[in-house]
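Multiple structures follow.
What follows is chain A paired twice: with chain B in the first complex and chain C in the second.
For the complex of A and B:
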């Protein structure tokens, strides 16, 4: 209907090959396809060991931890902000909880509440400084990362809290096994949180507002009456809160609160989000995509071990995967529906 | 809002202004942008606001749409004094602003754009979900009414719309929600002749539906075909008000030429 020139001014539409339907499918299911290929690859290369229960246990533990963090990071990236401090909002609240339980005799429930409060407070500070002092979230959360790194090491001391002997139904629910099966609770949490956040992003007003707030600095959203500042602050809290929860669940599982837990999660969570199709310019992204992204990184992590590849190559391979995922995303930009 | 008017004894008639700016003054630091600015906008009336860059047009828009608060002066919405603290507040009071490039969120689907900030929801207290089906149905209906048939799907992202389609979507949205005042900021800039005609038709249909329309442009020739009244701004004041039919087109160009000369001095 409209002239080519008129259309061309309203979005970077690259020359297309193949149908839009195919591209939409690829955008939605591409990461899943990659994951399946990866699984097949490692299963073959390891001579069938990779999909054994023991290896799957290790893989899902990694995925559960990273996945929940990646969901929060995805929400935040959709509303146009970054959080580089998630590796610390992952570990600091958990260590705080461990320290409270082991050193001060604080009841487990109270220690958990305090730790979650700390996690959310981290996001609140990130959000308030970003939104009201107008410092780029990149810088704000980098500063937060550095500050919390010191705090984490201080609280952890040379003798990190050990809660192995603490028995509590709450700790079991957070990090135990799921109803007598061999499935770990954190994995159930990942699925539950993934489902809830998917519903929120696609089926709630807050989800719409989160996406709108991420487009062009939220200016259009603001003009449409969306409280952009509040939306962003809530997403900062959501991001750090989910990271904190994930870290706490890990510590509840392992029984030890070590300061090096989740060390690379700030970067890996962004990689997972990008594999899942989040736009670096905000406005678009997918919660299931982030979970699949975390799965890809988890499978890579244990897959390389099983196939005897040296550990130091892991992070480099993740880098390559990131480049490929980002390139595919850019190629598919503007080809998806708005849903 | 109008029923409340009735109970307070204020007669409800078509000539009561929807929005009134009274003695608005606005300065940024020591720079005064608006000086004793007055403006009444009535239902079913298209008012053109023209003037050069820096004349204060965009400050007027920002004040009415809740982005900026006046330094002095009063804003009345349907006879009641209000403080427009935020764009959200202005929107709640029925004032919709369609900015040239901010009207639509590129990366949201068309139906989400249609309902953005006014989503229909179901659920209990704070736990509410979107009424997707209903919103999509209404959006599809309203857009097909205005003949936006070139759309392949209302699930498509809004960036697939042309400039004219975006304006049409924004104006349709404003008329659907039965708003009081529609502010259009250079709606036909960068549009083709055909698309301009469509947008002007949409403005006329908004007027017929009883909306007050404030049409901002720096170009008289854009505003003139639809405006019932044209206000020429200079240095933060109303320099001249021209009512439709009062002057001929040639007289109009004289007025503009005059004001041009004045500006030169």
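For the complex of A and C:
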């Protein structure tokens, strides 16, 4: 996003607008409150069918895919950068893994390592170009998105890799069911990754560095000796690494690696992050918020189907939710409008 | 004629931007023209002589026309410091509205097209007001409106596509190819609009306002009394209007518009703009560069097909081109920021600073 580094965040909060406690409560629990209301709404509208295990299974599959991507995107947005290429760093490593397993008889473990390496390499390139050539990350990752689109289509060919018959403990751990229960492994991964990233963001030095790098283009952080460039590059790697992992988990679950998986995830992940309360100007955001944001999108998606609303409305409602969430975020930050 | 020559020469000289940054449109444009010639020669070699031909000229201009017209609006908006991701939907909205009222109510093409264009204009106006009034970054606002417009389009057009069946002179006037040279009419419209906008941007007060609004987030401009908010809203409206116009030109050309028409055009228009040398940070850019950028993109598209390369690789090439263009743009700007510009550029900077 243009000018994201130039925006100043500190000192803009004016105490006159609303009480601080209410603001803090809304920022922390607002998204969750919205999710609960949404769940209640669909539960009553569908006559109690919505919260059944079968329905929840479909919803969590979507949420776990998008949620992990949204966590990475949130981290990146907190440090003041963007990644539009996540939809491709979601699907390309997964397809690479599928192709390696089915076409070259590579052991599953090795294929997984290579695919994760590819995912992290994508972020490394994004980060290096953004930081050292001083090109806006919007453009760098847009270019990466285009380049990876070609590569994905080329690797996938007209006959996408099918790993349904491949049995491996690694694939079970990534995409099977959790310890014999009906909960899918990707959802457990989402919770695990969410917990770890929350700890990193709120309780570690790297987390503070990430937040500091997003304020005023990281200039204050730089003056305080924070390695802003490295922090940004690591976050780019984290973002594409998490998307890659999420894609691999999905393919391990479904058994097919199709090039159209995760097609709109680059935009939807930003929507999820914004619903979760990430600042559009960097410096502030929350990992659990991003997960809740992904949940809102997932619940909306299946909820509309269950209640019989035309599927066409989904995209429009997502747009409206994005607009409202962005507006609430800005108001909560107490920013002067139009500035 | 002589006046025109003077204007062209003035454009090719180093023109300092309003923010004091020396803008070398001449160098950018010359580089793009060289790139276009070079790419044409390379593709001609790769396709064993099939690229430099009448049919190729027609198909390249056919692609470049609508894309370029969208990109012109995106460029003006980007110079004013904002983005519009919803152009892909606006592009479809205008012809869909026009086509539906023509088909369902038998309204004449002229009022139908005007209705379509006003819809586009209103959408742009809404974008602009939302961005200016809420302070949400335009990237987010237009992403949201893109989604909402797409929803309305799907409700409006369950049959997915609409045709322009009624024969009228207007259809031949807007679409098809020129009589004398093998160039699509949409491309002629692009050149016409490009020249018009170039004149507006470089030789009118409104053009100055647009550049000033995008420079340093419009702070100096506001201090000088430039109506930056109105300028921004106007740019959003212009951008949407041009996107709608592009859609209508393509509608007249193909006689059909579907919901997936131009679905990548919001990103491709940004690519054409950046390749044309417009700064992502606003305040710098030229519509003529965008015109050439769109042409270059379309040449890649057709050239790869003629050379027998798999169509997938088009995206890769565009991505690389975008990256190179962005790096070149960014380097020239960083050089200026660091104060290591050439003495000539420094002088120009001082001249501008003194004159404002």
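The criterion applied here is as follows: the second predicted complex is superposed on the first by the 317 of 339 C-alpha atoms of A that agree within 3 Å, B and C clash if a C-alpha of one lies under 4 Å from a C-alpha of the other, contacts with A are read in each partner's own complex, and residues count from 1 in each chain.
Keep this in mind: a residue touches a chain if its C-beta (ideal position, glycine included) is under 8 Å from a C-beta of that chain, and two chains touch if they have at least 3 such contacts.
Just so it is clear, the structure is predicted and the values come from calculations on it, not from any experiment.
Trainee: Considering only touches as defined above, state whether A:274 meets chain B (first), chain C (second), both or neither.
Mentor: Once the two structures are laid over each other on A, A:274 reaches chain C alone.
Trainee: Between chain B (first) and chain C (second), which, if any, makes contact with A:73: first, second, both or neither?
Mentor: Neither partner.
Trainee: Based on the superposed arrangement, let me know which partner A:222 touches: chain B (first), chain C (second), both, or neither?
Mentor: It touches chain B, and chain C stays clear.
Trainee: Just to be sure I read the superposition right, which of the two partners does A:55 touch: chain B = first, chain C = second, or both, or neither?
Mentor: So A:55 meets neither chain B nor chain C here.
Trainee: As a test of reading the superposition: which chain, chain B or chain C, is in touch with more residues of chain A?
Mentor: The partner making contact with more of chain A's residues is C.
Trainee: Looking at the overlay, does A:119 come into contact with chain B only (first), chain C only (second), both, or neither?
Mentor: Neither partner.
Trainee: Touch check for A:91: first (chain B), second (chain C), both, or neither?
Mentor: neither
Trainee: In the superposed arrangement, what residues of chain A touch both chain B and chain C?
Mentor: The answer is residues 1-3, 6, 336-339 of chain A.
Trainee: Chain A touches which residues of chain B in the complex?
Mentor: Residues of chain B touching chain A: 65, 86-88, 90-92, 97, 99, 102-110, 112, 116-119, 121, 128-130, 132, 150, 153, 155-166, 190, 192, 195.
Trainee: Give the list of chain A residues in touch with chain C in this complex.
Mentor: Listed in rising order, the residues are 1-4, 6, 129, 133-136, 138-140, 142-147, 149-151, 153-154, 267, 270-271, 274, 280-281, 310, 312-320, 322-323, 326-327, 330, 335-339.
Trainee: What residues of chain C sit close enough to touch chain A in their complex?
Mentor: By the definition above, chain C touches chain A via 81-83, 130, 132-137, 139-141, 143-148, 150-152, 154-155, 217, 229, 267, 270-271, 274, 280-282, 310, 312-316, 318-320, 322-323, 326-327, 330-331, 334.
Trainee: Can you list the residues on chain A that touch chain B in the complex?
Mentor: Answer in residue numbers: 1-3, 6-7, 9-11, 199, 203-205, 208-209, 211-212, 214-216, 219-227, 279, 282-284, 334, 336-339.
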